[in-house]
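By letter and in written order, the chains are A, B, C, D and E; residue numbering begins at 1 in each of them.
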Amino acid sequence: MIIVFGAGVVGVLVEAFVPRRFRHAVQVILALAALAAAFVQVVRLGGTEIIGAVGSVAIDGPALFLQGTVLVLAFISMFFFAERRIEAGGNAFAPAASSLPGSEEERVLVQQRALQTEIYPLSMLAVGGMMLFPAANDLLAMFVALEVLSLPLYILCGMARRRRLLSQEAAMKYFLLGAFASGFFIFGASFVYGFAGSLEFAEIDAALGARVGQEGLLLAGVGMMAVGLLFKIGAVPFHAWTPDVYQGAPTQVTAFMAACTKLAAFGAMMRLFYVGLGGIRTDWQPMLWAVAIATMVVGIVVALSQTDIKRMLAYSSIAHGGFILTAFVAVDELAIAAILFYLAAYGFVTLGAFAVVTLVRDAGGEATHLSKWAGLGRRSPLLAATFGLFLLALAGIPLTSGFVGKLTVFTAAFQGGAMPLVIVGVLVSAVAAFFYVRVIVLMFFSDPAPEGPTVAVPSVWTTAGIAVGAVATIVLGVLPGPLLDLAEQAALFIR
Amino acid sequence: MNPTSYLVLATILFTLGSGGVLLRRNALVAFMSVELMLNAANLAFVAFARMHGALDGQIVAFFVMIIAAAEVVIGLAIIVMIFRTRRSASVDDASLLKL
Amino acid sequence: MTTRLADQLGRAEIQAVEQVEGFGADPWWIIALKCLGIFVLLLLMTLFVIVFERKVVARMQHRIGPNRVGPKGWLQSLADGVKLMLKEDIVPKAADRVVYILAPIISAVPAFLVFGLIPLGPEVSIFGETTRLQLTDTPVAVLLILAIASSGVYGLMLAGWSSGSPYPLLGGLRSSAQVISYELAMSLSFVAVFLFAGTMSTSGIVESQERIWYALILAPSFVVYMVSMVGETNRAPFDLPEAEGELVAGFGTEYSSIKYAMFFLAEYINMINVSALATTLFLGGWRAPWPLSAIGDGMFNEGWWPLLWFLAKVLVLLFVFIWLRGTLPRFRYDQFMKLGWKVLIPFSLAWIVLVGGLRLAMNEGVTRQQIFLVVGIALAVFMVISFISSWIGERVRDDEEESEDAAEKPFDPFAGGHPVPPLPGQQGSTPVAATVGPPAGSDHTDESDSSEEGTRA
Amino acid sequence: MTFPWLTTLIAVPALGAVLTALVPAGRGRLAKQSALAFALLTLGVAVAVIAQFEIGGDRYQLGEQYTWIDALGIHWALGIDGIGAALVGLAAVATPIVALAMWPEADAERRDPKPFFALLLASEALILTAFLAKDLLLFYVVFEAMLIPLYFMIGMYGGPQRRYAALKFLLYNIFGGLVMLAAVIGVYVQSIDAGAPSFLLMDLMALDISANAQRWLFLGFMLAFAIKAPLWPFHTWLPDAAAEATPSNAAFLSGVADKVGTFGMIALAVPLFPVAAQDFAPVIVVLAVVSIVYGALLAIGQTDIKRLIGYVSISHFGFIVLGIFVLTGRGATGATFYMVNHGLATIALFVIAGFMIARRQSRMIADYGGIQKPAPKLAGAFLIAGLSGLALPPLATFLSEFLVIAATFEQYRAAGVIATVGIVLAALYVLWLYQRTMTGPVPEENAGTRDLGRRETMVVAPLLALILAIGVFPRTVVDVIDDGVAPTLAEVDVESPPPVVSVTDLVVEGNDH
Amino acid sequence: MDLYAPMIGLIILGAVFAVFSVVVSTVIGPKRYNRARLDSYECGIEPTPQPVGGGRIPIKYYLTAMTFIIFDIEIIFLYPWAVRFDHLGVFGFVAMVTFLFLITVPFVYEWRRGGLEWD
């Protein structure tokens, strides 16, 4: 974690001192090296269980698992960030985020092939926050991590090279609502603190049974903190930002964000609710039941009517959050393992899917309208097949990672006594299959649109990233054993 | 020390803030409302810290302040950016992203 | 983390630090008396300082200065005040009325407050009540002073904004930018003082200077403070907000009558304030200067005497203000900001670390020789590094300029948000100019840099 | 370690699918040849496997078991029993025939034929796995996974409405599948609660699941199977799919793939949840009877040949389900036997209909007439296939239908009566179809109809031969099936033994007719 | 609270004085209407109408404000640290140096990227 933060800091310095033409290479290498080094460190730490940093950071199975996953996913995301081929020499980001779209200044920068390199330090900082988030062992560290991971993302969202207005708008919406949610989180935290007299989860847990008469305070606090965290997850009814932001943000960032933020947020949520508030689970379980059902249903039902591929994936991501929540209400190790696995599996799929979206382009940039995807299977079967694979994984068809994920999650939920949730989940998955399959139909069975989009030939960066995503999807679908074992071993929080 | 009155104040501030975010159409105002929410949280933390006779609540308030500052910086950057591109800071004008 | 930190600090002390010895026990009438006293003192000093300034400056310029009103012209400022009171009060029609009227009040009121926290002397007896010669003190007095002082900025800002006119707006912005910039340096210069004093209460700081003034042992801090105090009060040579040549009268352009006088008053009181603060923090407060303090077993440090020393010290500092105004030309805005951000702040930060390190070393029992040795080596290393880095930096900067010169864009008159005419050497974005590449040269550094500036945001 | 016959049986078509997919584009013929070769090879392996099947041996033979996902107790567990053996045989026989039948059809398509053949082999591999799986999750995985190749087969080739049909097919089945997933998880959770998490069928069957839980889980399974083996009212995807897919594809779909549904009922739903099966049997019997009559009535009303055959299938699936849920050995044997026979008959019908459509370029019955004059062989084949749909002795279907109806009469007399009505209706639609298409005056445009060609004969002949052969010598097949049925129903018997005489006796008795 | 009460007295006094002066001056000052006098001052040229809600504020000032906020926060941390310096020992010193370093990084960045250039 410190390695990543360090890399972020060094990245800023690089930004400051290295001349422009070397910046990109240096930043990419730095980012990748840092992520790899951090991953090695996480692996070396495997199995340790300590509470460090004066009690505010807990290194345990779930934390390490999620940190490792975040690192791997971020590593792949960096591949996409580094892609320069599809935008004729530039990457997918505006050369200078502050320049006015269409202004002289921008034109010059584009001509110069100026590259946006600040994305790397920014994403390093975000990754650092994501690593801290699931490891945070007190309310303060959790809040700090929440912000550290969010703030760079807000900015990253506004940096798209094409469709700048959309992108900036996404950034603003994300920012306003995100800040709103973190306001809820911290206010709720203050109530919980007021109730328990301590910030540390273990002590909060201890206080749950000890203090009576102030449950109102506690529950209000828990509710508000849940709002903050559910927002990050994109659960209904706090999901309103997701489609807008996913659509508006540069697709690479969307991929990164969709995969990694969800991961980190679920990790944090598990720690908060399991470790800190495990004692009052009967109080918060009904709430999460309702949220889970609403999330699944709304996510899928609204996704049905989408015509933009990024929005559709956004709603699907909301729904997947709902699936994970079904397991969340079953508080046991099986559930933790299931969630961990699902998150990892989902991360790879999402990354891959969004990366494919970056490749389908027309004159105006990415062609995200569904009608433009018609007949893609004829024109570039390999790409369409890959995307089809990701869609099938999202739909949870067997032999893909999505299926195993769903299986584990529903198993956990079922065992935790949440059978109605499982049934809703299953019904909703069936509906979900409809729109995933619809895209496949469109790609393979429709005649190509006459002036349809072209598929950009990516450089080795994106190709490698998508390939990793696809391979992971299949491997986790066919041979999920090792990762499942790992998740199971990791599924124990320390207090 | 009885924190009730402080809590009531904090809650009122928080409600005002959240109301502001939801109701005001100007991005800057909404954004300031968010800051108000954070400060309400600060107040609550400090009040509770007094109640428990512990310092950690106050320390949290410090951190919240930094984070609020960081948010200000980021938020202003984004809002100014939008303002420059479209010469308006109204949330309603930013409506390219619709369902 | 926090819980444990709190334990480290010791919970018992929390309650203890909430009171400052010797305060908070005055009867109400003494408080009222003190308030009134401070108020009158400030008004009188303002009146005095204005005339004093005019006379000193006149003397420096070989003029006579005011000499008509009152004995030798000493009532000149009082007369000016009365005159301003009787002038027509104009509210421009583009102005935001409420804010426009409130702005001078907002700027004046905080100015009065600061003095409430300044210790003017030790314990004295007023009508039989023993009390300290200070309105009040709190454990965070200096912080409070800073807060009060900076709230005065709102007055300037709002005045500029509410006038509904371009010059005041720019003036207001400038002055607030200036004030907040220099406030940073100023605040940073205090840190070393707190480090030594171990308290933020003003009386406590004066107490701790019994042996030696901080101006001596913390000379760099003092220098930083002196510079920033001038910047903070918008005084020459840093009086950019009212730079007549550029901005007419800055934020006060649209003000007239007593409202204008209010700003004026606030400015002068602020001068007195910062001088008083300097006295308190660095010059031993009300303590008698060295030779006097030795006389008669410290008799000059008791009773009402210290008030005299205090005022004398303040006056000396005020004289410095006037002296500066009389001798130094006005800075350019960019030079001024550069001084603040690129010199004072980094320097202060480095100084804080150094002081902290030294004090830590002393606390940990390291001997002086060792300290000097380490400091010497560190200095040498630092110099070598800075030399090399500046050398490399130049090279890199040259590279960068080269690469960016190619992209030199035509001069955009709206780049800063406001239309400005092109500087010599810059090309307007007329069709003709666009075809002509501007000559490569150092003139363009700023321009190309500012194109990048926003990427940070 | 013995030779992993069953894995080989699955691996051969899977390998074939991969290799066929790797055939370079444009070499359609090579793809076809490769697919056919692999399908025949699979048939060979299947024959070898079935030959090793010992009647009266262990319940599951040639078992293989490897741990797949340890964390969830999932295994790659295969085994073959009587029911499985019969259906494996069916699938292995059907695939090369379908591949061969598709041969000309593929040429008529505008698309590259390669994907079809690759997908065909892939789905064969998955279907075989389903018949052999002895791990519930493995079964589920292939049960769902096979939808994908089938979906593409329908969606990429066929009539103008094929995309709609494909989507409908997929959605219906995914819906059913996901509900089943919930039930699968439910069973698994039961096993966790029992302290031995496992997906192995043998372990699961040994579980003692409470009656209430059984009912819910049973419903979950049954929904999926009922959709797959289209049981009224979950049938509506089949007519569309049958009408829009290419004829040989439709043959494969309803002849082979849908058998997984009925196979699931008899091999999974009933033995896993014996109590629930008994509770729900009356309901399902009613549905089955409705299916029979409804399918038959709608078949009569159809104007589209393929759609008609689709409805015929629904009617026949009704018989199969009926046979299973009378819950007697006779019924189950009959149903399984029916599966095989119906598979053969349906394939024959679809394939021959496909030949006709290829000639006339129309699916409308009204466009035909008098075909038997210009193309007597075609008409003859069609008649035999049709009659086998009608279950006329000595054709194969007769015995199975008889077994089912006899068993039904023993248990549910009313249902038996109504099911018999279905037979009458069957006679009506088959004969009427034949009459409308083959007999009568020859319209001008049908005068030049070619008779069956050489390859077409190669396709039809083995089918008809098999139908006839099994009809005349049912004993072998029935014995094999019966060997599987006995232990399966034993689970039901444990709870409440049905009033049955020895199963074998009944079969023999039935055979004597 | 007793410590802060006297300040309120001073606030009241200052406010009364300021408000009183302003009010008195409006009352006793002359009123002579003149259109030109009520226009905003632009060196005599026809005043440009200001947009509603004040004019546009150059971006530069936002930058300054943002940087200020960062340092202000830093100072908030420095003050208590300085006051308790002797009690915090080596740990406190190291922590603060780290913190200062981290604050310096963006500062250096801004410096290098031209955020500290005024013109």
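Methods note: contacts are C-beta pairs under 8 Å (C-beta built on N, C-alpha and C of every residue); 3 or more make two chains touch, one makes a residue touch a chain.
Small disclaimer: the values here were computed from a predicted structure and weren't measured.
Undergrad: Using the stated contact rule, I'd like to know whether B-E or A-B comes out ahead in C-beta pair count.
TA: It is A-B, judged by the count of C-beta pairs in contact.
Undergrad: Where centres are the averaged C-alpha coordinates, which chain has the largest centre distance to chain C?
TA: D
Undergrad: Looking at C-alpha means, what's the farthest chain from chain B?
TA: It is D.
Undergrad: Which chain has its C-alpha centre closest to the mean of all protein C-alpha atoms shown?
TA: Looking at where each chain's C-alpha mean falls, the closest to the middle is A.
Undergrad: Averaging only over C-alpha atoms, locate the centres of chain A and chain D and give their separation in whole Å.
TA: 43
Undergrad: Just the number, please: Cα centre separation of chain B and chain D in whole Å.
TA: Chain centroid spacing, chain B to chain D, equals 64 Å.
Undergrad: Let me have the rounded angstrom distance from the C-alpha centre of chain C over to the C-alpha centre of chain D, please.
TA: 90
Undergrad: If you average the CA atoms of chain B and of chain C, how far apart do the two points sit, in angstrom?
TA: 30
Undergrad: Provide the list of chain C residues touching at least two other chains, using ranges where the numbers run on.
TA: 2-3, 5, 9, 452-457 - these are the residues of chain C that touch more than one other chain.
Undergrad: Which parts of chain B, given as residue numbers and ranges, touch two or more other chains?
TA: Touching at least two other chains: 54, 56, 59-60, 76-77, 80-81, 84.
Undergrad: Enumerate the residues of chain A that touch no fewer than two other chains.
TA: In chain A, the residues touching two or more other chains are 17, 97-98, 140, 198-199.
Undergrad: Under the stated contact criterion, what part of chain E meets chain B in this complex?
TA: Interface residues on the chain E side: 59, 62, 65-66, 69-70, 72-73, 76-77.
Undergrad: Can you list the residues on chain B that touch chain A in the complex?
TA: The contact residues of chain B facing chain A are 3, 7, 10, 14, 17-18, 21, 27, 30-31, 34, 37-38, 40-41, 44-45, 47-48, 51-52, 54, 56-57, 59-60, 63-64, 67, 70-71, 74-75, 77-79, 81-82, 84-86, 91, 94-97, 99.
Undergrad: Using the touch definition from the top, list the residues of chain C that touch chain E in their complex.
TA: Answer in residue numbers: 9, 19-20, 23-26, 31-32, 34-36, 38-39, 84-96, 101, 104-105, 108-113, 115-117, 135-138, 143, 161-167, 169, 173, 176-177, 180-181, 183-184, 187-188, 190-192, 194-195, 197-200, 248, 253-254, 257-259, 261-262, 333-334, 337-338, 341-342, 345-346, 349, 352-353, 356-357, 359-360, 363-364, 416-418, 446, 449-450, 452-457.
Undergrad: Note which residues of chain B are touching chain E in the complex, please.
TA: 62, 65-66, 69, 72-73, 76-77, 80, 84
Undergrad: In their complex, what parts of chain E are in touch with chain C?
TA: Residues 2-7, 9-11, 13-15, 17-19, 21-22, 24-26, 28-32, 37-43, 47-50, 54-68, 71-72, 75, 78-79, 82-87, 89-90, 93, 96-97, 100, 104, 107, 109-111, 113-119 of chain E touch chain C in their complex.
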